[in-house]
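Okay, handing you the structure first.
Letters are used for the chains, namely A, B, C, D, E, F and G, taken in the order the chains are written, and counting of residues starts over at 1 for each.
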């Protein structure tokens, strides 16, 4: 299972990377979204996919799965949501003012 | 022909209340079952988003005249403020405390400072999500 | 219990949130934010001195003992960063009062600056690696907003690059954390250190440490600085100065912390790599510093050079080199803020950005002109200004450890720094005056005063090096003896 | 096999039925010719499928753990309430966005009202 | 026996999702995709219910309701986007 | 009690006061006030001459950075006394001269401020015992020199000259600093005295030679030795008093001072001998050779200064050979080179100072220094003429003037060196007298040029802007005083020798015992010796060459101007600037993709590279959890959805596929028993999708990207590489099973934190701090979005920075 | 308004049930009541129509109609989907209703949508005309016309 999930993570990372290297800003942002999916899975997988129980003390008995990675991922999810919201708006504001969503056209010159 | 959203709006009236109730429940019960301030806040925000989806902004704001970024700010203040409260009691920052009380009507009840903290979290989440969605929607 | 050490993070946050409610009242915001920052300076000083008597301070949040809870650890190393960062922020705020304009001030400028410094302070103080990630994000989000503040075309354009690159680096950070938790099963930095020492920093852990190196290098602008020149050139001056002074320092801090506390067992790999990166950074930074006419770009590449220089100290990794780097970091925060304020002021006064479009400013603004000269000398490491002591110690450590290539690159780079800044001085400050007295844009007191304060800072750090030498050597001692830190964190209450 | 086990088996079979139902509706959205006919499959078969499996789960928890799960009940009500609305909204949107009906379609009384200019 | 049935059901639900995914990829119109996405959401609800049985926990029952809520909201949002180009209107026509 | 520290500090204090005083007393030329400083200091120092001559030294220490051994230690001995007297003495005369030279229209407060700054710095250099403090003052002399050269900074030439001087001297200074640090590494002290006292420990150290080279770099750049001399001619853009003071009498002597000071440390090494004397000799020749071709009198003097500095430098090199032998009867003979060096150091200051002032007078009174426009001034400017002739003849090394004495000693030293039986000098040594003699011929020629082309010959009033007249008395006082010294020293050289030179010989040869032995009696006539013959040869051949100047001057034309050192310097700078622009623009493309490619490549190369190189990879399936069919299918769904994103033709499809990914991950969170995660993931994914839709109404639809297939391949390779590295390291991590995680602690959540949901207890309590900050992150993002959309800067209310 | 009170009770009830406690506790109910007060206070402007408890029976009846329609239509669609060759003739037809008011129209539309083979696509602005998409227009039209009176009657029992 872990091996399979890690392979999946690899595919997600590769796809995300390819998207991020694109010229279109929306593809880039989607790429970052996929990246965050991948890393959340990674944290969970490496945190140990034990066959333990749901970490609810009233629900089940020990052994529990490792709850710490879950808490970390929760934090990471919220943060990546915040960042995604911000960059989406940034992207369209940049489009409004610069008139393009093509990152090649958004290069700017070094010495202007 | 103009769009008639009567079906959507009517159903939404019911659904929103279900979601709101569920949101508050998630927020309050998070200490022992899945949920908590974040998820509760997100669900509450979804309910408000649903209102915006099925009505228009003007209408919703007439019924719900809140400045959501100030809601968010209040939430952050509440969340950080509970941490700061520890300073007054001479315990380490962010010390949460809990106790069981026998309250009239409620019986044995657990009261914890985490709940105040989580309320702040929930408020902040609601405020932020709605602020973002409203800001984008109102933009030309 | 040391609740006081959370104040550098929590006070700016709370005040920042409160200022959101006070958006229309610009004057009130100014007063409150400045008073806050001055208070932070006072608190930092107090903590720094308390450390000298009581040793390293730690605060376990919620009372949960390490390694289970999150904690702040205040040692001299961290507090020196905090102290200077807060001083610089206070001064940049003063500059903003008269430069950034009321419309920008109403864009929650002060809250965002306060959030930024909160994130920065938190990054310096935290003793938990995941919390460091979160503090980074606080700082980053604030910087994202600040860089776009006002929303000019160029700002929006450059900020996209800045944000995407930082998203990528945050992602690498999370990947690294996943690996680290997967191997060592803990997040507390002292505990990590202990476990690495116990298991031996084998190939896998070293691989992971290289990933951390990438993450923090992206923040520090060590070799991977591509985001830096563009994004430092677009925001309003006060913000650019804050960026120039603070942002890379957080990465630098993290590099020092991780590679002295946790991953110090394989220096022949990690520290060699750092050394190579520092060397290349010095070279390409130097090339960049003389490549452009735009004052902001010149300033930005000077930031890059300094990063290389400071990291030479980490690559060499002796107590002396750490001391040198710490002196140099403090110097650099102050002098870079000054440089960026000056660059921005030049643009504000002339409306031009390139050095060959300006000339003879010293006749219109003599005091300002001399400040440019001071910053030039200071950054070139000309004694007795502040750059000198750090340079001396890093050089000495490099010699002692036989790192002659780094030594040469580091010292040659300061010639380039001198040259690049002399170009500004000679082209724009000296020379034929082209602004007639009638067309002169008045130089506001609020703009020159902060620059003078920073100049005083650079003089003080140089001449008064003895005043801080105790703190610096204490900080370097902690860095070179990880056990001191570990003992303070895990050695019971 | 005691009564409880029988009921549990029944619940499982209910779920299996639901899953078969859902595969059928999935085949529907592949086979059917346009978005409007596909939405029939989605709003009806698919909804029934989920109602079946939720009911199965409800029964299972009731029998197995003695739990009357209101959350499950609420879920059932919710799906029941919203599925038709979703179908209504999506077909309306499709039509207004001028997604074509399949060529096999016979009458279209809406066309004249919405797009009189197309005549 | 029960468990076997449940795992078979899970596999069937998963197959449904695969098929719906094909529709999302093929389209051709956005409403087609929205219908398929809705279907995926609804099937996930079923899966969570079944997994809850398999894992013998009621910890995920909240997720069922939430998924229902979200599938509904998503469908509304996509419909409005398709229909009007915006999903939240400042002031609607009526 | 007089303190040397006081002497260093005073000029700085007064420098700080100058601007204020200037504003108060507008009427009186502020130079009068400033002049009091060097006069006072000179007198103070002069009072100490007798005691210093008797071997006494003065040391005083103030703490500066004691923790780093950097303290403000002043040290007055014979060597520093010479320089101190020069700095204050010539300083007084220069200031007096400048009072007449600079009109009150100039920004005098700046001028005198810089000048005092320089004076203090220069005194600091010569009186500092601590290397770091010495370095501080050393750089300060560069800085003040920079400011003085750029005094008329509206002239481009001034600015460029100042920049060149600053770059070269500061670079040398930095090299020297490294040398000093190395000295500290070797000796563990910054005190020169202590280093000299323990010099025996150093010579065997591996860093000894590098240190020597680095220190010499500092000295050579400062003293304008070949090939670093190119800054000095350009420094002549400074007002002439500055040229006279800094660029001939004092600052350029700092390098000489440094070499003399460090002779006890490095002098025993063969390399030191060859480098110092060799570079000195080359400089001597090159300076004199180039001086002849100059038409600007000031430029001529600049090259002449270079040449003379080379002469002194080479003498110090020659003198160091005495340390080879240690103190003995034979070795004393070699110390006379050093003695000559110090002697000439003083002499040069007197005659060159006078000459500069003369040129300044010409420039000031006639408006030109071009010898092609001058001539026959003797009758109109008799005093100026007299001083000029005295200076020139002394420089040419003719009798009756002090230059003759030291020049003779120089010749003697070059001849003497051939007798040394070390370093193959008996064969190689011959080059010293030869170069010395040739250079002296050229020196003679240019001295004749000064005299004949300026003061004699036909008058050319039509080429002058101003009428011919003698300079005002005030301007003549200083040069006259200097020429009195020129003549006076010739007649009473041993006064100087006994009181001034003798104690400094002790500073240079501390191990040689009584300095009286090292102090020869100076005589104008000591029989027919090789040196005398050489002098006669110089005069004869020099006179001949001067006669035939027109015939052979075209030789200089052969030296293409493209291959001069100056051209190299300029080309280097412009090459560096343009090349650096090219290089930087090449990789700083402004394209986000490029930057990301660099980062990814760096990641793959370092992390992936090291991972494989170190053999950290390991894999094991033993711990894998059992897998179910539906899970495999779901993994397939996610993989397909992800890959389909790459090929989707509309942004909507891609966004929905991302939603599918998000929802599927939620299911995995369910499968992996993470209820809170599943809930959060579901809601966040939905809201994110909604945000995409919201943003889409403000963005154009996707267009087909025209990407070259090469780029596509690169992107694909990087993507696969990144994925692969992440996967392989993750597999190894999975297999690493050494530690238990800390999470067992949290399973006591109910007792500790009163919560049964462990994840929630972690978020709200154990790691509540993270959660608090995470809320802040969210808040900043929300507020930022609001600000970005709602609070845009409207046209017109942009901040004042962008007017 | 009594309807609001009812809604409040509803929320309180919901609340109590959500707790998943072994027994129904009045304390829990009371807590839910307070939650309800808060929600309704915030949302009261949205609340405009009536709701009567005594119509519970009608409601239950209506729900059963819903469920049976759903089952029937699912079977129908499954048959169509699984038939080897699709023999359908889709189309859009109109239906004018007697019902008035948001709730009545909505309920009818939902019922019609669940009716075998038909989906309500549009309601005209006046709210009395449905535009219905039929899977197989001949059969659906007949089905709708056959059962529509039954639906309208059941709905009016609840609302009027």
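In this text, a contact is a pair of C-beta atoms (placed from the backbone, for glycine too) under 8 Å apart; a residue touches a chain by one contact, two chains touch by 3 or more.
Please read these numbers as outputs of a predicted model, since none were measured by experiment.
More C-beta pairs touch across one of A-C and B-C than the other; that pair is A-C.
Averaging C-alpha coordinates per chain and comparing to subunit F, the farthest chain turns out to be G.
Look at where the CA atoms of subunit C average out and do the same for subunit E: the two points lie 47 Å apart.
Distance from the subunit C centre to the subunit F centre is 26 Å, each centre being the mean of its Cα atoms.
Per-chain Cα centroids separate subunit B from subunit E by 25 Å. Measuring from the averaged C-alpha position of subunit D to that of subunit E gives a distance of 10 Å. Multi-chain contact residues of subunit B (touching two or more other chains) are listed as 1-4, 7-8, 11, 15, 18, 22, 26, 32-35, 38, 43, 46, 49, 69, 73, 76, 80, 83, 93-94, 96, 128, 132-133, 135-138. Residue numbers of subunit D whose C-beta contacts span two or more other chains: 25, 27, 39, 47, 67, 69, 71, 74, 78, 81-82, 85, 88-89, 91-92, 96, 113-114. Multi-chain contact residues of subunit G (touching two or more other chains) are listed as 14, 18, 20, 109-110, 120, 122, 124-125.
Only residues 26, 30-39, 42-43, 45-46, 49, 69, 72-73, 75-76, 79-80, 83, 93-94, 96, 98, 110, 112, 114, 117-118, 120-121, 124-125, 127-129, 131-133, 135-139 of subunit B touch subunit F when the two sit together in their complex. Within the complex formed with subunit A, the residues of subunit E that make contact are 55, 57-59.
Of all residues in subunit B, only 69-70, 73, 76-77, 80-81, 83-84, 86-87, 90-96 touch subunit C in the complex they form.
Contact residues on subunit B toward subunit A in their complex (touch as defined above): 32-34, 38, 128, 132, 135-136. Subunit F meets subunit C in the complex at residues 63-68, 70, 132, 135-136, 139-140, 143, 150, 153-154, 156, 159-160, 162-163, 166-167, 170-171, 174-175, 177-178, 181-182, 184-185, 207, 576-577, 580-581, 583-585, 587-588, 590, 592, 594-596, 598-599, 602-603, 606-607, 610-611, 614-616, 618, 726, 729-730, 732-734, 736, 738-743, 745-746, 765-770, 773-774, 776-777, 779-781, 783-784, 787-788, 791-794, 797-803.
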